[in-house]
Amino acid sequence: MTTRVSRTALAARVASDIPEGAVVNLGIGAPTLVADYLPEGLEIVLHTENGMLGMGPAPAEGSVDPDLINAGKQPVTALAGAAYFHHADSFAMMRGGHLDVCVLGAFQVSASGDLANWSTGEPGAIPAVGGAMDLAIGAKDVYVMTDLLTKQGAPKLVETCTYPLTGVGCVSRVYTDHGVFDVTPDGFRVRELFGDNTHAEIEELLGLTLIERGA
Amino acid sequence: MIDKTVPDVAAAVADIADGSTVMIGGFGRAGQPVELIDALIAHGARDLTVVNNNAGNGDTGLAALLKAGQVRKMICSFPRQSDSWVFDGLYRDGKIELELVPQGNLAERIRAAGAGIGGFFTPTGFGTQLAEGKETRRIDGRDYVLEYPIHADVALISARRADRWGNLVYRETARNFGPIMAAAAKTTVVQVDEIVPLGDLDPEAVITPGLYVDRVVAVGERRWLHDGVFVGGVDIEGRPLARNGADA
Amino acid sequence: MTTRVSRTALAARVASDIPEGAVVNLGIGAPTLVADYLPEGLEIVLHTENGMLGMGPAPAEGSVDPDLINAGKQPVTALAGAAYFHHADSFAMMRGGHLDVCVLGAFQVSASGDLANWSTGEPGAIPAVGGAMDLAIGAKDVYVMTDLLTKQGAPKLVETCTYPLTGVGCVSRVYTDHGVFDVTPDGFRVRELFGDNTHAEIEELLGLTLIERGA
Amino acid sequence: MIDKTVPDVAAAVADIADGSTVMIGGFGRAGQPVELIDALIAHGARDLTVVNNNAGNGDTGLAALLKAGQVRKMICSFPRQSDSWVFDGLYRDGKIELELVPQGNLAERIRAAGAGIGGFFTPTGFGTQLAEGKETRRIDGRDYVLEYPIHADVALISARRADRWGNLVYRETARNFGPIMAAAAKTTVVQVDEIVPLGDLDPEAVITPGLYVDRVVAVGERRWLHDGVFVGGVDIEGRPLARNGADA
């Protein structure tokens, strides 16, 4: 049985890699949790693509401001040092490479860094992309935060994505419940394995050859 | 004297023709010009193409416009939300067309329309289904897709304050698509909390200069503000909170 | 001898065609004079492409503000209702067709509305274009304000420009010291002739066939 | 703590390498970062490509940088002014290259660099010498020229106020190229009148968000201001006026 860390532990693990001063966009869903684990006392600037830098935590009850929301349409607050801007300026920031880190969820990540996270390609589903494709190319480093396997046990780190792509060759690192993997020109390289997980075990779970840690 | 103020929302939307392309501001509910949308429903223009980031929430605002059967096509980035049941039903019944655009390309295409740009190469969407059939090009080692502007006949947006020249300031993340839609439409109609005397807006802080605006209509301060100060007391949809011991 | 109006009279003539509420850019040189003749009491919004709408007249002596200049780098003032913006936004306004009128000078205007006003093509001259090409396409109506003839007597309204072009098919009307001419799909049409000037006289001065006024 | 302030202009420009492309803000003298340019002259980096709307006025600022022989190439829209004698001389002597760009295309190309756009179709310049050899295309009945972004290694700009995160506000038409150059350069260095505590700048009125800024240096209030209020008393070049009866 392999070691799996909880979603919150994984959020904390991602958070620990974000340096002071970084400008970071946390995608909708699990990545949003990362905000709760950013080191106290360090200044990290959160971007929300609906038009704000310097996003703060959720407001106190009774102080919800419908004009002040994040990309998930949840109420947030503004820190000292915040700035507002319109949508074209906001996505220009991402597209222009001015964010340091985006953290995103994924259905699949390929060994060449392709990301699939916007559509399962299920017939009859209403397609919706939002900012997914912009976020995928929207930072110097694009981190994916995901389980290693689907609930059905299928690998989410794959040789080639079978789901519709969100972006090509855009992912730099994948944080999973089993370990952390860098995307290199030669494929996935193990960065860290949680608990007693071994290189061979993870390769077997994925059916993929992984580059040894530190290699 | 230049005076772009109009007395009410009905007058503000009275000339919107059937078949128009209408940009509607807002991201979810923030910045959605609900009173103008209601006026458009009352006005009854049909066969509209609507540009918005989403495709309506709940049963009000844009969702109500869809429900009224006035919209032929949506151009948006994210039509599927937990409370987008009106759009969902129409789409599944084949009663509405959908053009899905990545959010940043949507914003940049709207910006391009206002800025007189004929087309632009964007990296967003390259290699994906949403770029299928589109022209691509490798420039300086990066792959791009050619995207074209989205023009509109009318933009309906909301802002915090206007003056009679149509200069606008917004509030927080309700700014979102307002400034770029105002520039991309032939006619731009704005609902604001209040219209202030000319000269009251700081020229350093005007976000949408008046030349982009055709009509402004004051709809009164929103519930969570009082004399321009945030007073809270609402939920995320702007509904008053039940107070302890009060008969809410 | 034909009738010629003075430059200031011509500026007044241009000004009289600008309606209340118009957003107007007055080019460097003679067009700047138009500002002095805009009808009192009418609100006309002046744009200066270095980043301002609602430009007012020159400041009082002693109140010159080096941060507040027009495109000719002269000191100006801001009216109530003014707004500042950056250069990309400013030229987006022009390119996007949001100005009602630009008034420009010219070396030559062709019968199809081509404008030449940025370079005489003289060898050895240092080339400089500034905003000329943006202004040429920068308004719903582009008005040219110029003498009908050069100092040497050569026509400035021509079949085809011989000087380097600033813009193609961009001019809608030409205000000259002899009269006013609209650019139509079929060539120049006389709009107004000053004093006793006759259609035939102007045609002879220009060596061009002009469409009759009102035709 | 994020603190982008640096103690002096020398420290602010110390790492500018020979051969860099340097964007310099300002339109004529308004917004020209004179103290940073002086520091760059003292620093001595050579073989620079400089992007500015003009090519220097008089003998100070950008003109002095040109005179010092540090600039290999100018990218600008309007190098020929009544007081651009330094550039004129270098150009006639074949000592400097010139890339001439229509002003709006210059601004849009700088904007494109910051916005991650690979190229764009602009109507400006179509059919002119300045579009010769460039790709053109007719889109929806209008003719366009394809233009590419202008990236820079460094931007030197000036603003009115900054906070330690690098958020900026400008003053009047001195804003000009500052916001787009800040976004287009790998490293952006800003001189400001004053650095204010974090939170003092209104988030609705921040023009350049801090993520575009790497270093800010306070150079003191300009002569025509006192505690942020315009007091005049200078000519258009910022030189004190001779006072009546005073020994100026």
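As written, the chain order gives the labels A, B, C and D, with residue 1 at the start of each chain.
The definition used in the following text is that a contact is a pair of C-beta atoms (placed from the backbone, for glycine too) under 8 Å apart; a residue touches a chain by one contact, two chains touch by 3 or more.
Note that the coordinates shown come from a computational prediction; the quantities given were computed from them, not determined experimentally.
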{"item": "Distance from the mean Cα position of chain B to that of chain A, given in whole angstrom", "value": "28"}
{"item": "Intercentroid distance (Cα basis), chain C paired with chain A, Å", "value": "54"}
{"item": "Distance between chain centroids, defined by C-alpha means - chain B, chain D (Å)", "value": "34"}
{"item": "Residue list for chain A, restricted to those that touch at least two other chains", "value": "52, 78, 84-85, 92, 94-95, 137"}
{"item": "Shared interface positions of chain D, touching two or more other chains", "value": "108, 115-117, 122-123, 170-172, 204, 207"}
{"item": "Touch-based graph of the chains, sorted into line, ring, star, complete or other", "value": "other"}
{"item": "Pairs of chains satisfying the touch condition", "value": "A-B, A-D, B-C, B-D, C-D"}
{"item": "Residues of chain D touching chain B in the complex", "value": "108, 112, 115-123, 137, 139-140, 142, 144, 148, 169-172, 202, 204-205, 207"}
{"item": "Touching residues on chain D, where the partner in the complex is chain C", "value": "27-31, 53, 77-81, 87-88, 91-92, 98, 100-105, 107-108, 110-111, 122-130, 143, 170-180, 207, 222, 224, 230, 232-238, 241"}
{"item": "Contact set on chain C toward chain D in their complex", "value": "48-52, 62-70, 73-75, 78, 84-88, 90-92, 94-95, 114, 119, 124-134, 137-138, 164-168"}
{"item": "Chain D-facing residues of chain A, complex", "value": "20-21, 23, 43, 45, 47, 52-54, 78, 80-85, 92-99, 137"}
{"item": "In the complex with chain A, residue positions of chain D that touch it", "value": "1-2, 113-117, 163, 165, 167, 183, 198-199, 203-204, 206, 209-212"}
